[in-house]
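Before I ask anything, let me first share the structure, which is written out below as C-alpha cells.
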C-alpha cells in the first residue's frame, strides 16, 4: 500500500513555515554531535593513556602514538569550534575571524591538558580513598562513571572558560547521558572531588565548589526558579560549597548566595535554602522519622505490605 | 581447551522448558528495538529539521528531503506497528487484520506530526525562558536532554492514544535510557512544559499535567503501591498537576486523586499524598532543617568532616 | 594552519611521567569494555531466548542456536576473565595460573545460567504483578529497564562470588549507564525483586535484600561516609532489607547494621539511619508538610508561580 506522501509533505512543510523557531535551515552548520562525541572519546584516551585502548600501549610507542592522536584531535576540534563560532560568534579578546579564532582556541585548549590531568589525578585519589568498595585505582578509572563525568567536565570547563559557545555543553550532555550526572560546563570545582554513584546529581552553571568535596547521588546544587527567568542570566544563581564538605544523597541546596561552610556535612534528603557556618551538621528536623506499627495506622492499610 | 558445550546446552534447554515465561519462541516477531530506535531518530529529524543532520539543510531541498524521509519512515513504522499488532492484537474500532490496520495507524500518526511540532515549539520556548543558563534556542534544541525526552514522549503519546501496543513503550524507554527521565506514553501533558536536568524524573501512566508546568530532576508523579496490583489496571493512579505549577527537585507526589492546584509551588524533597488548593506553597514542615555545630552532636562524629 | 604538535606532545609526555597514577602503560591488558558489553548482550539473549533477536527463534533450531551461542560466549568470556586475572590476580582456591583459572571460572559461570534464569523468572513475575501499567509479561521483558538491570546484576553477582575481579563491575556499570540503577555486583538480592522506574536507585556492595522486595526510583541503600575510608573495605557497610519490604521513591537507608524488618513500608524521601522492627510504617515526621497560601508567606514571593 502507498502512503499519501505528497499530502504529508505539504502538511509538514506548512508546519515548518508556521513554527519556525524549531527549524535550523540555511544557517551555518551546527557542530556535529557525533563529531563532538568522537573527539571527547579521543581526549579521554589522551588524558588516561592506556586505559581505554584495546591493545596495551608500550612506553616505547607512547611518543609517536600521542603525537598522532594529538594531531588528529586538533584538526577535528578546530572544525567543531569553528562551527560553534560561526553560529554563535567569536569570544571577546581574540580574532573576530572564526577560522583563526578556532585554531587559536583549539591550540590553547590542548596546552591545558597537563593541568587537567593534574586535577584528575586528585579526583582518582579521592574516589579511591573515599570508597571502600574500590579495590584498586585501575578499577576506579576503568569502571566508575564518576571519572568519565569529571574528566569530561574538566575539559568542557576549560573550553567554556575560553568562551567557546555550545560545544562544551554538547560534551557535558554526552557525559550526562552516560553517567546520569549533570555538571554544567560553567561550574567551578576544586581538587580531590568525588561523587559516589553519580546518577541524578546536578551541579548548576554558577556553582563554586572547594577542594575535597564529596557528594552522593541525587544531590542538587540548583537555582531558585524565578519569574525573572532569562533576566537573571550571568548572575550567580547556584550555591557555594566550601572545602571538605560532604553532602549525602538527594539533598537539594538552592540559591546563589547560599554558602555551605567548610567541613560541614549535609544529611540525605535535606532541602536547604540558606547558608550554614563552617563545621555544621545539617539534618532533617530532629533527625526523626515516624515509625509505627502498621496496625496503629489503619488509614494506611492500602499500602503494600 | 574445550568447553562442555553439549552439557551446557542440555542444561540451558532444560531450563527453557522449565521456566517458559521468559522465553519468546515460535511466536510472532516482536518489534525490533534497533528498528524502533532508528525510526525514532528519523522522526526527530523530521520534527526539528536541520538540527540533527551533519550537513546544512537548504530550503530549496527541503521538500524533496522531507518527502524522501517520510516515505522511508512510513514503511518501517508500519512494519514495527504490524509486529506489535501481531503479538498483542489490533486496537478496537479499526481493521482486525493487522496489515491494513498497521498501514492505517502509521498514516494517521504521520498526519499528527504538525500538531506535535506545535506543542514542541511551546516546550522549547518554556525551556529557553525558564533557564537562564540557556544562551539561545538552538542550544536548547541541540543540547538539552529534555527536548529529546519530550519530543519522543509527544510522539509516543499519539501512538499510545491510537491503541498501538508495546511500540510506544519501546520509544519511551529509549528516551528514558538516554535522558534519565521516565515518562509513560499514557501521560497527558499540556503545552509549555519544561523539566530542568531531567534525570530521575518519573511521570506515571495516568498523570494529567496542565500547561506551563515546570519540574526539576528527581520529581516523581507516582502511584500508591497497592496489594491490588494488576487489578488496578486502567484506573487513574497518578496525580493531576494543574496549570502553572512548579515542582522542585526530588519531590514525590502520590496517588490518582491527588490534585496540585493551579499556580502552586512544591518545594524540593516533599512527599505529598493529598491534594492542595490553587496557589499553595508546599514545603517541608516549617521549612526547617536542624543545623548544629558538629561538636554539639558527639554521636555523629563518625560522619566524615 | 599547523599545530605545535611537538610542543604539545612533549608537555603531555612530561605530564604522563609526573602523574603516573592515571596511566596504564606496559602493563597487562585490561579487560576491554567493548568486549565485555558484547558478551553481556549475548548472555542476555541466552537468558531470554527469542526476546532480543531480530528474527523469530524456532524451537527446532533452538538447540543448534544455543550451542553455537554458548560456544562463542565461552571463549570470549574466558579471554576477558583471563585479562582481569592477569591484572589483579587469581581468586583463592583455584589454579594460580590465569589461563586454566579463567577457563574454569568461565565454565562454572555458564553452568549457573539455569539458576540465574530461575531467579529472573520470579523477577519478571514480580514486575508484572507489581505494575498495573504492564499489559503483558512480554512488555516487561522487552521494555522495562529493570529487567536488563537485574539480569546483568544476577550474572555479575555470580562472577563476583567466584572472585573474578573488575569484569563484573564493568558489566554492572554498563547496566548502570543504560538504566540509571547502580547495583554493586556484591549485593545479595532474593527472589521476586522489582524496582519500578529504576533511575537513581543505588544498592551498595554489602547490602542484603530478602525476597519480594519492591523499590522505587531514587532509593539509596548506602554506607555512612566515614573518615576511615579504605580501612572499612570488606566490612558490612550497607543495610539489610528483609522479606516483603516496600521502599518508596528517593528514600535513603544508611549503614551496615541498619535492618528494615520484614513486611515494612518506608515512605518516599525518608532518611533512615537506624533499624526498624517488622511491619513498620516509616514516614516523614507526622506525615505532614506545610501547606500555605502563597500570600501568607511574602518572604517566598520570589518563587515562581
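Each chain carries a letter (A, B and C) given by its place in the written order, and its residues are counted from 1.
What we mean here is this: a contact is a pair of C-beta atoms (placed from the backbone, for glycine too) under 8 Å apart; a residue touches a chain by one contact, two chains touch by 3 or more.
Everything numeric in this text was worked out from a predicted model, so none of it was measured.
Undergrad: Rounded to the nearest 5 degrees, what is the angle of the rotation relating the C-alpha atoms of subunit A to those of subunit B?
TA: 120
Undergrad: Examine where the copies subunit B and subunit C touch and state whether the two sides share over half of their residue numbers (same) or under half (different).
TA: Different, since most residue numbers here occur in only one copy.
Undergrad: Using the average of all C-alpha atoms in each chain as its centre, how far is it in Å between subunit B and subunit C?
TA: Inter-chain centre distance comes to 22 Å.
Undergrad: Hunt down the residues of subunit B that sit against at least two other chains at once, touch-wise.
TA: Correct list: 180, 199-200, 214, 218, 225, 246, 250, 267, 269-270, 283-287, 303-305.
Undergrad: Considering the complex alone, what residue numbers of subunit C touch subunit A?
TA: 1, 3-6, 8-9, 11-16, 18-19, 21-35, 87-88, 165-166, 169-170, 172-173, 176-177, 180-182, 184, 186, 199-200, 202, 204-205, 214, 218, 220, 222-223, 225, 229-235, 237, 244, 246, 250-252, 254, 263, 265, 267, 269-273, 276-277, 279-287, 302-305
Undergrad: What residues on subunit C touch subunit B, complex-wise?
TA: Going by the criterion above, the answer is residues 46-52, 54-59, 62-63, 66-67, 70-71, 74-75, 100, 103, 106-107, 110-111, 113-114, 117-118, 120-121, 124-125, 128-139, 141-145, 178-180, 196-200, 214, 216-218, 224-227, 246, 248-250, 267-270, 283-295, 297, 300, 303-305.
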